[in-house]
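Notes for the one structure printed next.
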Amino acid sequence: MSAVERRLSMLSSKLSIFLRRFSVTASKTANLNIGGIYPPIATPFDPSENIDYGKLNENLKVWEAIPFRGYVVQGSNAETAYLKLDEKVNIVKHVRENVPSEKLVIAGSGCESTKETVESCQRMSEVGADAVLVRNPCFYKGSMTDKALIQHYRTVADNCDIPVILYSVPANTGLELPENVIVELSSHQNIIGLKDSGGDITKLAGLAFRTSKNNFQLLAGSASFLLPSYVVGCVGGVCALANILGQACCDLEKLFKEGKFEEAKLLQQRLVAPNQAITKRFGIAGLKSGMDMFGLYGGPTRTPILPLENSQIELLREAFKNSNFI
Amino acid sequence: MSAVERRLSMLSSKLSIFLRRFSVTASKTANLNIGGIYPPIATPFDPSENIDYGKLNENLKVWEAIPFRGYVVQGSNAETAYLKLDEKVNIVKHVRENVPSEKLVIAGSGCESTKETVESCQRMSEVGADAVLVRNPCFYKGSMTDKALIQHYRTVADNCDIPVILYSVPANTGLELPENVIVELSSHQNIIGLKDSGGDITKLAGLAFRTSKNNFQLLAGSASFLLPSYVVGCVGGVCALANILGQACCDLEKLFKEGKFEEAKLLQQRLVAPNQAITKRFGIAGLKSGMDMFGLYGGPTRTPILPLENSQIELLREAFKNSNFI
Amino acid sequence: MSAVERRLSMLSSKLSIFLRRFSVTASKTANLNIGGIYPPIATPFDPSENIDYGKLNENLKVWEAIPFRGYVVQGSNAETAYLKLDEKVNIVKHVRENVPSEKLVIAGSGCESTKETVESCQRMSEVGADAVLVRNPCFYKGSMTDKALIQHYRTVADNCDIPVILYSVPANTGLELPENVIVELSSHQNIIGLKDSGGDITKLAGLAFRTSKNNFQLLAGSASFLLPSYVVGCVGGVCALANILGQACCDLEKLFKEGKFEEAKLLQQRLVAPNQAITKRFGIAGLKSGMDMFGLYGGPTRTPILPLENSQIELLREAFKNSNFI
Amino acid sequence: MSAVERRLSMLSSKLSIFLRRFSVTASKTANLNIGGIYPPIATPFDPSENIDYGKLNENLKVWEAIPFRGYVVQGSNAETAYLKLDEKVNIVKHVRENVPSEKLVIAGSGCESTKETVESCQRMSEVGADAVLVRNPCFYKGSMTDKALIQHYRTVADNCDIPVILYSVPANTGLELPENVIVELSSHQNIIGLKDSGGDITKLAGLAFRTSKNNFQLLAGSASFLLPSYVVGCVGGVCALANILGQACCDLEKLFKEGKFEEAKLLQQRLVAPNQAITKRFGIAGLKSGMDMFGLYGGPTRTPILPLENSQIELLREAFKNSNFI
């Protein structure tokens, strides 16, 4: 890219951010429709554990061929807990600049303190994120009462100029965001939805019922329970597996919408084992190995997460094979 | 009922049991189709904590108007842990004699030791149960390895002349029956299915996939996740809530089978809060209060379970009201 | 033993039971001093899983050479969950008849329902138990509120003519008996103490403080934390390991009482690994293997508990070896 | 303080840091004796949530009258998860400069990624910390295998020029540092000990035994189990309660060392309820309220942690009162 081209590209990106912001603030934030499938994209590192933007671009090129609603950047499986704020913001900025403006960019920006979370959201907004995904604070579990969580999220949402999406991910936080907290927050005009990765389908069905008057959008946090989530009232899914099998995830959405439940059932059943392999069973190292296996760039993890051993890679491959994805 | 009538009724009941047994043993046990909705019926006690068979009959009369596939007798919410074996067997016998033979009677008969479980299954078979529902042993959690559980269930199934249904109910046992154990056991010719009350829809979808070649039938263990369970491959549900809202549970099944997913979604959403109220939130005392509320006989619990306080009864009523069932 | 000898032995045993009962009821039940070390004895089975009283006698002979305060019969590691009530009662009777009357016999008699627990305690009292050890009901965890537990134990204690000892064993029940419940019950005149197997030393120290005015005696439920328990105010221990290393457990008590803390520390440290091996790690099969290893009769377990594999026996041996007990 | 005085004070502090570093590197790091009592000091904030160094100085003045071995700065209850690295480092620097050089300053410096943890330790070393206290990474729980944790800590210890103390605090991290990992790491020459806040006294006794040849020092992580910890082989304690009742904590240590076990027992028993109140029950807000109650500066917390309500403050006061500390 020549210097002129780069400057033009930057200008165009800034313009596009400005226009998006303008259109958002002009309407009610709560009108942002987030229904659809998103990969919570993995962060590509080079062998020195530095972010590899070239590889990120290669992955984005692959993903752009898939009818995603957008991208979740700095979800849990982005190794976001191992990134500095500047790194996180830069990746969001980079993605925003490199995908078409009709694709949503949702930026993970939950921190432990309320103040840092507010700052982080602000930064994400400045680089063009369409919404922020805010996982609950969790280190001081015993102090995270309903009241504390509600006040935290209200402060964040009040001080954020883009919509806020709640995020419950108990496998990482050790703390399931309570149903009553979510219902209470669903009436806030700048809190537009929830990504729930806990996998409790009863909770999702109950939430759909209890928030039905608040224009509150529920996203399944995993491909493992994507179809059941749609069936009880969710509008989309943020699926680690969509990094690898994005088309299959979008197919499942389509089958559901077209009412083809027999086919949808079979596809959902096939997705479980591969998805469990790249989440619960082998974690982020498994996700990245799987990406390598399917022609994307997974690459190394940051330590302390260790790469898979060869025997584990074989088990991972088997999971995809048994489900006929290889 | 005159003495002659009673004798005739007993004779007819014995004959019917004989004929059912004959037809079962003549075919492969695994052919028993258990698809459909079942209430795991509560045990009615009189004020002295004795079983009240008259009240049981009254309840059965109500339930017989509902298109259930059958009855689960001695499920967890029958206060089965508070009943002696003779009591359990007598209740099963009583139900078998008082419902039409086309209604299945599935008898809970899991005990801690393998030997007692075998005996218990035999007793249930003798009084005409169509299948036994066997929860896993749990007191010595640390010793319940996959191997121990597999050997336990194989011994039980080998020594039982009616089909065996596995039963995982971690809220009571503190031990989720592991997926690999279930898959391994699904190939046994006398183990025909699983009732899973854990509520992990991912597990159910994965099991449906992994047992698909073994003619293995999955039942959802709760109305809270009945529709999602159907959607991922279950064939029915054993729902505490069906004691109270049996018709609604059967309606949900029907909507699913007819492909009316929008209506099914709304009904499923409405069922969650009432069901949580009579299970997790208020337990068996809640279930019985709910039955009283809806014109069935709930009556007292056995101690140490305490009856609901008035304030709790109001909250219970509210749960049904908010979902428009009152 | 000739018929005459047997008759004489029975007569003498009945007389001794009568005399003990008389002395207990004459004084305040709460005066029974339960301080000291007890093995919660394993139940010896023959290869057909029947109780082997001959082997039990052989074990008792070994144990009688050790300065135990008495025996806990039908503790959790007696496979008590796999025994019928008659079996449990007979074993208690047998032990009572075969150990000197100055040795206490404490009988496990907790059941799920209040009614069965009362009956079970009565039976134990009739065959000469000095006190009953009553684990909390646990199957309906969600319904075991503080209020339910308190009413349960009060009813049991009110209807039992020998003293009641509370018993919290969360590894089996999945339910830690709450501190407030224990404190509340400690003022009941027929509830004289607690065996706590949970291992939370903070709880024990807090209980010692909060029950100090109620003449309430605390027993550690494991050799793993015996010394720390004494140090915070416990008066003894019921230690699975005392089946095998009874003398060492009594030595530890003695070192504590003589103020030899350096030696006590070293002995306590050595006890941990062997004790963990026969409890958490390998369970009752480990305990029985360890008994076999040390010249007692361990023998087979009842299924579904499986015997140790050879490799596990080697690991078990190593645990004793590393602590210099072999 | 005049400008000249301040300059002199700074010079002297720098010199003292230099001298301490020199003496440390000249000897084997593992020779640092960390036995004794430490308060893990709370971080004083002004009403705008900024660090209030003046108040910190006032607290330090109170604490300096107590025979602590030193200070833990940036332990969990310092709201360390809500502080930026620069803030954390500055507080450590400030404490180092304001307490006598014979008092140890142990700096909390665990982060999620290995790289950030190394950097953080380096920063703490540069400002004069005597040792670092490194809690395990926890966000990606599923990936924190024994192997990953061992490699993480080895890398940290290899790259740190002051001694490393492991830190297990499952109430915050949701992840107990496994015993085998600790034993494995105890042989590393720059890993000199463990602070364990989990409260599992069996684990501590077992660790004392298994690490006895490695010159590895164990610190109890709470006043709730300080005496039991000493008795099984710990050399000191890091006690939140020492922020408030520092003298009592040191008295307990003294009673233990002088073999006054009866008095020690009573004091330990009294410490439990107040300590539980300022940790498990009311958390950091409780700790700070307690400090205010006893004439130290507690002050506000950072959000999302909320201040205690008045009714909670009364319960807190009661806990201290019941134990005769008020």
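Should a chain be cited, it is by its letter among A, B, C and D, assigned in written order, with residues numbered from 1 in that chain.
Keep this in mind: contacts are C-beta pairs under 8 Å (C-beta built on N, C-alpha and C of every residue); 3 or more make two chains touch, one makes a residue touch a chain.
Labels paired with UniProt names: A, B, C, D = 4-hydroxy-2-oxoglutarate aldolase, mitochondrial.
For clarity, every value in this text was computed on a predicted model and none was experimentally measured.
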{"item": "Given chain A and chain B, the chains that contact each of them", "value": "none"}
{"item": "Longest centre-to-centre distance from chain B, chain (CA-based)", "value": "D"}
{"item": "Interchain centroid distance [CA atoms averaged], chain B/chain D, Å", "value": "53"}
{"item": "Cα-centroid distance, chain A relative to chain D, in whole angstrom", "value": "36"}
{"item": "Sequence positions of chain A contacting 2 or more other chains", "value": "none"}
{"item": "Pairwise chain contacts under the document criterion", "value": "A-B, A-D, B-C, C-D"}
{"item": "Interface residues, chain D side, partner chain A - complex", "value": "49, 76, 79, 81-82, 84, 112-116, 137-145, 147-149, 151-152, 155, 171-174, 280, 283-285, 302-306"}
{"item": "Of chain B, residues touching chain A in the complex", "value": "199-202, 205-206, 208-210, 212, 222, 224-225, 227-229, 231-233, 259, 261, 264-265, 268-270, 272-273, 276, 323"}
